[in-house]
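Both of the next two complexes hold chain A, though its partner changes from chain B to chain C.
Let's look at the complex of A and B:
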């Protein structure tokens, strides 16, 4: 069965020709480098802007490399993820309502091919963006705040990639199951808003999918117990697989919604 | 052996039957027009045959087999293409989805694009295509995998006269090599390239047969006599019991025992000495038959109720 590869190439061409493979990684790069740079040069920035009252004293918190990596992760979690959701939440539903899906669905193509090619297309953009964003962040952090080992960098990026695979599988599955508007609402509620709720109330428990991104940073210097990290990681992988199965099922069920 | 068998195909949306027990067969290498007013269920029927819609009941079989997606080419009324792909990339992609190898797909795609007259435009993005070019691209993608059955939903309705004649010419060529089922409400086109017509109305198949058969059945031949002056027509009409219809300057007469031939009519006209402009034996055009089939059954339904 080769059809998913044919469809995946189509997805790749779209990402490439609509510049998604350029502007989204650039956005992540910007988000990634902003925290280490802004924090490091905060005093200079304030001095340059001026207008500080005479005798004003400011105590800059002592920041460590880990704090900057956490800040970068937070940036990705808010801005980055919302952009990824917004870009990919219509990936299946919009093709159905726009009519381009019709000419694909009349051919002998399985729902799995359709869904998985979409998921991989979206994941490619997401993973590339996170990789470039983190490389930027880690580079400036290590230059300005002290060394970051290769294994730390690898752990952080790999963990965040696993989380992004979940985000994209959920987003694309929602797109398969609902119209674009409904899918977008649900994705925003489940991922960024869920993340905010979890960080407000989450002190009472240790394992939820939203914690994985932070844990990816914290596990590198032993701030959290590694058993929490591994349980969370497995949970996220489990939910991702579930989303894939449900997404394929929804793609098949909603074939009839393709506009003729 | 027939190529396609459609048996009691039904689609219900809620309690409404959009398609109601439609049955017909298609013979290989024939072309069939599915005709009917808007909302008659033509597109729904096509979608079910194409496998886009699940039928509520009934079956569609292509040479006895049920999964027919590999063997059909489908062109919807408004085909939508990915705007970021070139025509060639698009056709290659769908050819591969239908199971052609990369090499075959590339070769066949170029062939069919040349065939539909997009040879010099195949490297252009589909978003730059005009309506007529898109329709021809639609035909190219439908025939690239050499389907046994071509399903075309209103292939020419959205086109201007030039585009329409281009597409009709293409379809007439295709007719030689494959079986075509297409829906239309432009009967003039159906008249040019159809072996069989299926009339649909309110989800039901109300009339079917060869075009010649149906034309004969509904032809209702009449004489048309056109006069130079309307008052001549008036007086002539008053004197004839065969009068069917009167228009300005013209009279339509039924053909009966008294006026069995044109000669008989002519000799009776000669006696009058009126100034005659035109004399013609007319039979119902497909358009008139269309109106009749739609109207007659409405009347029937009322009688039955």
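Let's look at the complex of A and C:
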């Protein structure tokens, strides 16, 4: 337990020194703020730069606060998730290929400590980023489009945090099991591309892990049945735990295979 | 045509501040780091010229893990 804490503090320090703890939250804040702003001023932007022909008329859809929060979530799901995967997919595999992993292998540190400290380090950055991003988005949306209740905000942020824990546990587990290149391709296929496929074909079923982020927004105004939401949530938590177990197992296996 | 006073600066300003902050953080890191993938001056130009994507590309691709 103590070694795990030491390793986790080391991870935390590394995130701070490499500015991860600074630039990833800033990126999420930018993504969160840009959607409400751009949509609100869409007409002005088009008038200013669009070179619209004389007499051109366009009917803007009437957007509600919920639509903006959905748009923000979609931004996080693409750009945000891809950046998080790209940053953290090497956490374990790069140490293995670079040789620093053996420095830890020769010490009496359990595989669980190694893996869980990495996962916690990555998750902390991801959760902080999503929190800051959503606060920005919710603030702007409530100023420009109308009230968002505290419980709505809390539900959205909490649901997205659960989803991010899954993303990070899968990313770090893949990093523990494979080389950086393989882990990166698998993670990109499983999460962002899986999400796109699910949104294209997913009309036929109601419960897949990729739907959780959308459901977190939709459940707040009762657009979807709450039973779908809870089943998806439980499914995601289950897969997260599975990823953690598999990740620890892979870390242990690679450690035993390493020639020290 | 350009009516700068019509721009709601109090709303747009945070967006600009975030972009500048990202740029500054990336530049500080670029100066402090020992080595990058590809020439340093090229990254400096990219970070300054391409807003948002420049600093992000630098942090993901350009940074060499020691």
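Basically, the second predicted complex is superposed on the first by the 254 of 260 C-alpha atoms of A that agree within 3 Å, B and C clash if a C-alpha of one lies under 4 Å from a C-alpha of the other, contacts with A are read in each partner's own complex, and residues count from 1 in each chain.
Just so we're on the same page, a contact is a pair of C-beta atoms (placed from the backbone, for glycine too) under 8 Å apart; a residue touches a chain by one contact, two chains touch by 3 or more.
Quick caveat, the model's predicted, so the values are computed rather than measured.
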item	value
Touching partner for A:18 - first (chain B), second (chain C), both, neither	both
Which superposed partner A:256 touches (first chain B, second chain C, both, neither)	first
A:33 touches, of chain B and chain C: first, second, both or neither?	second
Partner chain in contact with A:7 - chain B first, chain C second, else both or neither	first
First (chain B), second (chain C), both or neither touched by A:237	neither
First (chain B), second (chain C), both or neither touched by A:157	neither
Contacts of A:108 with chain B and chain C, given as first, second, both or neither	first
Which superposed partner A:99 touches (first chain B, second chain C, both, neither)	first
Chain A residues contacted in one complex by chain B, in the other by chain C	18, 98
Contacting residues of chain B [partner chain A, same complex]	43, 46-47, 50-54, 67, 69-70, 72, 74, 76-82, 84-85, 89, 93-94, 96-99, 141, 153
Chain A contact footprint on chain C (complex, rising order)	8, 11-12, 14-15, 18-19, 21-22, 25-26, 28-29, 52, 55-56, 59-60, 63, 65
Chain A - residues contacting chain B, complex	2-3, 6-7, 9-10, 13-14, 17-18, 98-100, 102-109, 255-256, 258, 260
Chain C-facing residues of chain A, complex	18-20, 22-23, 26-27, 29-30, 33-34, 37, 41, 83, 86-87, 90, 94, 98, 136, 140, 143-144
